[in-house]
Amino acid sequence: MNRAQIQALLEDVQANRASVPEALERLKDLPFEDLGFAKLDHHRALRTGMPEVIFASGKTTDQVARIFAHMAKAGGNVLATRASRECYEAVTSAEPRATYHETARAITLEQTKAPVGKGNICVVCAGTSDLPVAEEAAVTSAALGNAVARITDVGVAGIHRLVSRRDELLQAAVVIVVAGMDGALPSVIGGMVARPVIAVPTSVGYGAAFGGVAALLTMLNSCAAGVTVVNIDNGFGAAVAASRITHG
Amino acid sequence: MNRAQIQALLEDVQANRASVPEALERLKDLPFEDLGFAKLDHHRALRTGMPEVIFASGKTTDQVARIFAHMAKAGGNVLATRASRECYEAVTSAEPRATYHETARAITLEQTKAPVGKGNICVVCAGTSDLPVAEEAAVTSAALGNAVARITDVGVAGIHRLVSRRDELLQAAVVIVVAGMDGALPSVIGGMVARPVIAVPTSVGYGAAFGGVAALLTMLNSCAAGVTVVNIDNGFGAAVAASRITHG
Amino acid sequence: MNRAQIQALLEDVQANRASVPEALERLKDLPFEDLGFAKLDHHRALRTGMPEVIFASGKTTDQVARIFAHMAKAGGNVLATRASRECYEAVTSAEPRATYHETARAITLEQTKAPVGKGNICVVCAGTSDLPVAEEAAVTSAALGNAVARITDVGVAGIHRLVSRRDELLQAAVVIVVAGMDGALPSVIGGMVARPVIAVPTSVGYGAAFGGVAALLTMLNSCAAGVTVVNIDNGFGAAVAASRITHG
Amino acid sequence: MNRAQIQALLEDVQANRASVPEALERLKDLPFEDLGFAKLDHHRALRTGMPEVIFASGKTTDQVARIFAHMAKAGGNVLATRASRECYEAVTSAEPRATYHETARAITLEQTKAPVGKGNICVVCAGTSDLPVAEEAAVTSAALGNAVARITDVGVAGIHRLVSRRDELLQAAVVIVVAGMDGALPSVIGGMVARPVIAVPTSVGYGAAFGGVAALLTMLNSCAAGVTVVNIDNGFGAAVAASRITHG
Amino acid sequence: MNRAQIQALLEDVQANRASVPEALERLKDLPFEDLGFAKLDHHRALRTGMPEVIFASGKTTDQVARIFAHMAKAGGNVLATRASRECYEAVTSAEPRATYHETARAITLEQTKAPVGKGNICVVCAGTSDLPVAEEAAVTSAALGNAVARITDVGVAGIHRLVSRRDELLQAAVVIVVAGMDGALPSVIGGMVARPVIAVPTSVGYGAAFGGVAALLTMLNSCAAGVTVVNIDNGFGAAVAASRITHG
Amino acid sequence: MNRAQIQALLEDVQANRASVPEALERLKDLPFEDLGFAKLDHHRALRTGMPEVIFASGKTTDQVARIFAHMAKAGGNVLATRASRECYEAVTSAEPRATYHETARAITLEQTKAPVGKGNICVVCAGTSDLPVAEEAAVTSAALGNAVARITDVGVAGIHRLVSRRDELLQAAVVIVVAGMDGALPSVIGGMVARPVIAVPTSVGYGAAFGGVAALLTMLNSCAAGVTVVNIDNGFGAAVAASRITHG
Amino acid sequence: MNRAQIQALLEDVQANRASVPEALERLKDLPFEDLGFAKLDHHRALRTGMPEVIFASGKTTDQVARIFAHMAKAGGNVLATRASRECYEAVTSAEPRATYHETARAITLEQTKAPVGKGNICVVCAGTSDLPVAEEAAVTSAALGNAVARITDVGVAGIHRLVSRRDELLQAAVVIVVAGMDGALPSVIGGMVARPVIAVPTSVGYGAAFGGVAALLTMLNSCAAGVTVVNIDNGFGAAVAASRITHG
Amino acid sequence: MNRAQIQALLEDVQANRASVPEALERLKDLPFEDLGFAKLDHHRALRTGMPEVIFASGKTTDQVARIFAHMAKAGGNVLATRASRECYEAVTSAEPRATYHETARAITLEQTKAPVGKGNICVVCAGTSDLPVAEEAAVTSAALGNAVARITDVGVAGIHRLVSRRDELLQAAVVIVVAGMDGALPSVIGGMVARPVIAVPTSVGYGAAFGGVAALLTMLNSCAAGVTVVNIDNGFGAAVAASRITHG
C-alpha cells in the first residue's frame, strides 16, 4: 500500500464509499515504509552529509568500479575504503574525477559540499605503521565535511614529544587516536584534553599483539575516563563517530 | 621551585643579583608542575564540571567514607560509583548531605552547579538486568551537568517497541545504549539516529556471554558506523564520554 | 495517536472536517504500535501457547514473587526458571497454585491449556550432573504444551546403552540432547535419528571444560549435519526452539 | 555373518543340524550391520531425501570429480559444497548433467525427486558479503526437496527495511538467518516470527570479528528465545537442520 | 527380546512352529544388549580390576554416602574421588570399612583383590601444591591394582635434584608427572626415561597460569616425544590410563 | 675431562702422583657427560629402536636432504616427517634407498631392524580428511618396530559402522584415535576397549573448529577415562607414545 | 655415594685394593649431587642473599607457621608472601621477631644481613589499587638486600605528575613498574629512563581487563624497548629479577 | 620559545624592559622541550650506545634503504631488524659498508664504537628452529656494545647436555633464553644461574603452540623466580633489556 493507495482510501472515506471501521481495518496493515520511513533515511543522509560508502575489501576490482560509477550517477559524494591502487584504476576509467588517497587506501569523489562540522577533528598516531588507519580516519573525516588536523609522530615512549604538541590537541573538537602494539597513546591523550577521544586499535605488531587485540584491550581499560573505542583498524568508523559529534 | 622561587629569581635578575646565564641555568631544571601545570588540571576540572570521583569497588566502607568527606571539604561536587548501601551509610554519617542512588549504586554530593551541557543524554537499555549499569550512566551524566532521558524497556527481540520510541531517541544529543547478552541494541539504534551512540556492554548473561565479552564483540563489530564502545559495565565511562560531547 | 485518534481522524475526513491531504500528512507520523502491532505480540503469544517467563537468576526472591503474582493475575500461564526453593516459597505464599520442579529449578502455574504440539519432544542426557539443565528443557517443553519423553542415563562411553534406546529416539518429533564435558552425545544421536536435534552444552566438567566451552565447540563442529546448538546451560531456549517446531 | 549366513544357521536349526544352544552361541557374536542396520541407513536416506554430499574443501579437483561420478552412478542425487568453478569443470566433463551454483560454490545433480517438505524455508541475509553462505543454505535446502524463499538485503542498522519484509518472514516454515560482523539479525527476526529460526554466523568482518566468533557469540546469546545456531559459515548444516523440520 | 526369547524363537524354528523367513525377520530387530553386550561391560570390569567410581564433586554428602553404600553391596571395590572429609564421615557411618585418603581427597573400599599390573607406576610432582592431584593419581593407581612409587619434591628449577632420582624413574613401567605453573617437568622427564609418560597439568598457579591452561599447553607442546596429556587436575584419568598400560 | 683423563687421574692416585684430597677436588668439577651420560642417550636409542627423526616443516628441501644423508651414514634408521614430495626427491638423489609415504608425508630409511613391540598398534580415523595425520601415526609406528592395523572409515555419526569393527579394536595393544571437527571418536572407542587409547586432534574443520582446538578440548574432557591426548596433528608423537607402551 | 664414599674409593685405588678400571666403572654411576652440586645451591643462596621463601597462598595458617619456624631455626632470613594477618598471628606466636607488612601481605624475619645490591630499586605504581603488588615488590626487594624507593601516585592519564618525578626515576638502578587496567605506565617510563624496567601487570580492573590479561598484553607489546615482564600480580618475581641485576 | 628566547626574556627583565610579573606569566607557558628535554633524549642515546633502529617488517625494501641511508648520514650506528636479503641488497647499494646477518635477518652499520657493557650476554636456544630469534638477540646485543656468547643446541628433553654447559652459563652477566614449543628452557636455566634471565618465547611449533602463546605462558609462570619475559619472537627487545643491565 503506497501513498496513492492511502490517498484513494481517504477519498473513499470522504466520499462515503468506505466506512470508517473498514478504513481503520485496512490502515492497520499498511507497511510503514509507505509512511515516509524511506524519507527518514534520505533526510539523515542530507543532514549528516555522509557520502555513499563502499567497503572494497572482499569485492573484486570490477565490482567496486561498477558500484562506484552507479553511486556517482546519483549525484552525491562517494567514498570507497580498503581500496587498492588497482581498484582505483578500474574506478577512474569509469569515473575520471575520482581521487585516490594512497596511504589511506581510499577513493573519493566530491560532487556536492558536505555540511561543515563545528571544530576540527585531530587524528593522532605514533608513526608510519599506523598511518594507513590514521589516514583512513582523516580522509573519511574530510569526506564527511570536517576540517582535519594530523599529528603523526608522537608515542608514549617519547612522552616529551607528545606533550609538546599539547596546544594542537587542545584545539581539536574531537581527537581520534590511532595506535597499535601497546595501544597506550589514548590513555595519555585522554588525560590531556577535555574533548571526546575516540581510540582506534590497529593490527600493527606481532606475537602477543594478537592482531590488535592487545591494543584493543588497553584502550577499553583506559585509565582516562571519556575514551571510547572502535573496532581494530576501523579508521572509517572512528571518523563517522567523530563527525556525528561535530555535526551535532 | 615554586612560583615564589621563580619570582625571586626574576627579581634577582632585575636587581642584577643574578646574571642572565645563571638564571637560564636554574630555569632549565625547574619542575613543570611549578609552571602552572597543576592549574591546568584545575582548569580542566572547572571547565568540564566533572566532580571528584571515587571508584568504591575494592575499597573498604571506611576508606570510601574518609575519602568522600575529604573531597567534600574541598567544596566541589563528589561522586562515588560501585558503592553499596553500607558504604553510603558510612559516608552519610560524615557527610549527611550525600544522596544515594540505589540502582546505580552511586553516592553523589552536589555543592556547586556543574556547567550545563548542550542537549540531553538519552540512556537506553532493554530491561531490569541492565538497569544498574544504565543508572550508573544516567546518574553520572546528571552529576556532570547534563539533562538525562531514560528509555529502559526496549529490546531487539521486540523491535516495534523500540521503533515506537524513535522520537525520544531523535531528540537526544548523545545516546548511551546499555546491553548485555547479545548486545545487539546499539546496532539498531545506531541506524535510527544521526547523533553519536556510545555502547556499553554489560556482564549480564550466562554461558557463552562470557561475562560481557559477547556483547562487547557485537558492539565493536556493529553494522551501524558511528557507534563507539567502552569497557564492560562501564556506565561511568560512557557518561564521561557523552558529557565531553555535550560540553564541547 | 491511538486507535481512537485514528477513528476520529477518519470521521473528520468523512465529515469533511479534514481534507484528504491533511489526513494523509497526519497518518504518516502515527506510531505503528497503534496500528495493531501490539496485537501481533498478543497473537503470537496465543498462537505459540508460550507462557509469560521470568528468568529468576539475578533477581531477589521478593522481586520474583511480585512479578509472578502480577503475571498470574493476567490469567495466562507463568513459568519461572533458575528459581531456588526459597524463591518458590515466596511465590507460593502469594500464589498457592504454583508448582515447584526441584531438579529443573523451575516454578510453573497453569491456568489455561497451551495448544498441543505435534509429536513429542525427547530430552536426552548422560546422567545426574546434566539433569538440572535437562529438566529445565523438559519442564519448559511441557509448559509450552508438549508431550515430553526423557532418556537420562546414556553416554558415548557406553555406546550400547544408547543404541538400545534407539526406538524411543526414533519416535520423537524433536530430540533435545543435553551434554557437558566432551559434549559428544549430540553427534552420535544426530546420526541415529532423522528429526531435528537441538544440542545444549552444559557447564558440567572441570579444567579444560572451561565452563561448557569444550562441549559447546564439540556441538558446533558436530560430524552429524542437522544438529543446531543453543547457549551453555540454556535448557529453556532449547525447549522454546523445539516447541516452535512441534507447533508449526 | 550376513543375512545368508543367518538364514543358513536357522535352516540348520530347523533341520536339526545345529542344536538350539549352539545357534544361540553363534548369534550372540554376529555383527549388527548384518541385522538390517545398514538398511536403517538406507531407509533414512530415502525418508529424508537427502542427497549424497561431498565437502569439496581440502580435496583436489580430481578427487571431487571422481567421487561425484561414483555417487552419480548410484542413481541418487548428489551435492558438492565449497566447490570452485575449476572443480565444477572437472566434474562436468565426467557428468555433464551437473549444475554449478556460482555464488553458493555448490554443484548439484538431480536424478530423482526428493520428497517435498511442508512449508518453505526462508533464507535471510544482510547483503553481498554474506551471500555465499546464504546461497549454500538455499541451494542445499532446494536439493533436499524444499521450496526456498530469499531475503538478501535487510540489516539491523536499517530496521525499517527489515520490518517491511515481515509478511514474507511470517509465511516461512523455518527461517535461516545468515549474518556476519555483529550477528544481530537473528535476534530481531526471532522476535518477529513464531517459527524456528536457525542462525548461521559468517566469517565476514575484520578485527574483533575474529573470523565469525563475534557473530557466533551474539547468536548464542540471542535475546530472542527459540533461536538455534550452527557453526560459522555452515550454510549446509543450517539447511539440513531446516529440512529435518519441514520433513517431520 | 532377551536370551530366553531368542532361545524360544530358535526352539520354534527347530519344531517348525516358525519358518526360517519369519525367524529371520524377528531377529533383525532384536536389541543388541540382549546378545551379551552387557556382559562385555561386565567382562571388562573384571579384566581391568577397575573399581566402581564416584566423582563426588557437585554431589551432596548424602548422595555420595548412599551411592557408595549401594556400590559396596555389589561386592566389588569402590573409589570416590574429590571427596571432602565431611563426605567421608557420611560414607563411613554407612560403610565403616571405607578408608579416607586426606591429601588425595579420596575414599576407597577394597573388597576383592584387583589383578596386579606389570611393573610399578611412578607418580612425580614438584611439591606440596601439586600433591592433591598427585595423590589422587597414586591412590587411584593403587586401587586399580598397581604398585605405586612416589617422587614428590623435584622441579625443573632445581634440576640436579631431579637428575639424582634418575634410577627410580628408570625403574617405573609408566611415569605420571603432575605439574602446575610452567608445567615443564614432563618435558625433562620425557627425555630421561624410555617408558610412557603421562602428564597431568594442575590448576596450581595464579595470573597467567589461567587455572592450569599454561601448564596444559606446555605439556601438549612438549619437546620430548612420547608424552601424552590428560585434563587439568585429572589425576584419576592419568591413573586409569597408566593402569591400562600395566594391565595390557 | 674425558674418560682418558679420569683414568689418568686414577692412575696418578694409584701411583701416588696425586693425593686423595687432590683427586677428590678435581673429580668434583668434572662434567657429567664424561661419566657415561652420553652413553645413556645411546643406550636409550638402542633400547627403544627409535630412528633418528627430522621434522621437515620449516626446513628447506636442501637442508632436509643433507641432514637425512648425514644421519643415514651413521647406519641407523631415519624418519623424516612433514616432508613434501619435492623434499623426498632431494633426499632420494642422495640416498636412493629412502621410501616416500605420500599420504603420511613421511620419508623412511630402514637399515636395521627395530626391536619388535608386543602387540599391534591400531590407528583409527573417520575418513579422508584425517588420513594424513593417521598415516603419520601409522608410518611412525611401523618405523619404530610395531605391527600396525588401520581402521579409516568410522565416525560417531554412523555409530553402527564403528561398533561392527569392535573385534579389530579389541585385538589392539594400543589404539591411536585421530579425529578433527567434534573430536568425539576417542570417547566412544575409550568406552569400547580396555587398552590404552591415545587421542590425536586434527586441524580439520572450519569456523569454530579453531584449527583443532575444538577437537582437542573434546578429547581432554572425554567421558571415557583412560584416554590421553597429544598436540593437534601430532601423529608422530602419538606413535612414539604408543611404541613406548608396546616396547615396555 | 657421598663424599666419604668417593674418598674411600680413592683410598682403595691408592692402596691397590681397587684397580683403576674398577674405580672408573663405579665413578661413572655416582649421583652428581655428591659432587658438590648441592653446594652450588648453597653457594647461590649465600651469593644472592636470597631468603628462604614461603608462598602462603593455598597453605593453611598452621602450615605457614610451622614452615616459617622451621626455616627460622636454620638461621637465615625468611620471607612469606601472600600472607594474611591471621597467618602472621600464627607465625608470630612461634617466632615473635617476625614483622608483618600489611599492604604487602608479607611476613619477614631478618637474622643476617643480606649482601647489599648496587644502586636502589625504584617501585612505581599509579595508586591505591595496585599498592599490594607494589609493596610485595618493595618488601621483597628490601629483604633481598636492596635500597628501595617508592613512587606510588603517578599515572599515564595525568602525565605531568609522572614527568615531575623524572629525577627519582633516573636515579634508580632498576625500575619496577606495577600497573593494572590499561597497563600503559611501563611504556612511558621505559622511554624516560636508560636502566632496566621490569613491568608487573596487576589483576586490578574489571570487564575487559580480564584479571590482568589486558595489562599483561600491553606490557609485552610495549613501544619502549627494554621493558621485560613478569606474571600478573607477581611483585615477588619482579623483585627477585631486579635484585639479580643489582647483585651482579 | 627556545633557549634564545628565554635568554632574551631574562635580558629584558635585567634591563627593566619587562616587569617580573610579565616575565613570570610568559615563562608559565613555555613548552618543556625548550628546557633541555630534547637534550635528555640525545644524552640517553650517547649514554646507552644504542644505535638508530629500523623495524623493517611491513616496510618496502625501498623505504628501508632510504631510512637506513638517512640514518647513516647522521654518523651513528644503524641496525635494521626483520630485514630480508632483498632488503639488504637495496640498503647496500646506497650504503656499501652495511653488513648482513643472514640468520638474524639483520643489517648493521658500525660507524662509532658503542660503550662496552660490563660482562657478556649469553644467548641460549635449543636448536635450528629458534636460531633466527636467538641470532636477532645476539646481533642486537653486539650492536649495543656487548660481548656475546652463544649456546645453541641445548634442550630440556636432553637435560645432561644443558647441565654440561653450566660453566658457560655461570660466566654470563645476563642470560637470554630463546625457546619455542613448550618454552621450558628458561625455567631450568633460571634455577642454574644467579644472574638475570630474560626469556624470549618464539612462534616455533604447531597446533596448541598457538604461534608462541604456549611458550609465553610457560615463561610467565616459570617456577624459577627471577625470569622476566618479552614478546614472542622479540629477540631485539631482549637484547635491549640485557644491554640496559650490562651498561648500568
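As written, the chains take the letters A, B, C, D, E, F, G and H, and residue 1 is the first residue of each chain.
Keep this in mind: a contact is a pair of C-beta atoms (placed from the backbone, for glycine too) under 8 Å apart; a residue touches a chain by one contact, two chains touch by 3 or more.
All values reported here derive from a predicted model rather than from experimental measurement.
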- Item | Both-way neighbours, i.e. chains that touch chain E and touch chain D | C, F
- Task: Just send me the rotation angle from a CA overlay of chain D on chain F, rounded to the nearest 5 degrees.
- Result: 90
- Greatest separation from chain H - chain, by CA centre: C
- Task: Between F-H and B-D, flag the pair that has more C-beta pairs in contact.
- Result: B-D
- Note on the structure: Taking each chain's centre as the mean of its CA atoms, the one lying farthest from the centre of chain G is chain D
- Query: Where in B-D, D-E or A-H does the A-D interface recur, with over half of the contact pairs identical by residue number?
  - Reply: A-H
- Round to the nearest whole Å and give the separation of the Cα centres of chain C and chain F. 50
- Query: So what's the Cα centroid distance for chain A and chain F, whole Å?
  - Reply: 55
- With chain centres defined as C-alpha means, what is the inter-centre distance between chain G and chain H in Å? 25
- Sequence positions of chain E contacting 2 or more other chains: 32, 158, 160, 163, 207-209, 213, 216, 220-221, 231-232
- Task: State which pairs of chains touch, listing all of them.
- Result: A-B, A-C, A-D, A-G, A-H, B-C, B-D, B-G, B-H, C-D, C-E, C-F, D-E, D-F, E-F, E-G, E-H, F-G, F-H, G-H
- Note on the structure: Residue set of chain C touching chain F in the complex reads 126, 155-160, 162-163, 181-184, 187-188, 190-192, 205, 207-210, 213-215, 217-224
- Query: For chain G, which residues count as touching chain E in their complex?
  - Reply: 31-33, 37-38, 40-41, 57-59, 201, 203, 211-213, 216, 231-234
- Query: In their complex, what parts of chain C are in touch with chain A?
  - Reply: 3, 6-7, 10-11, 13-14, 16, 20, 23-24, 27-30, 32, 35-36
- Task: Within their complex, state which residues of chain B touch chain A.
- Result: 44, 47-48, 53, 118-119, 173, 194-198, 216, 220-221, 225-232, 236-238, 240-241, 243-245, 247-248
- Query: Where on chain F is chain D touching in the complex?
  - Reply: 128-129, 158, 160-161, 163-164, 204, 206-209
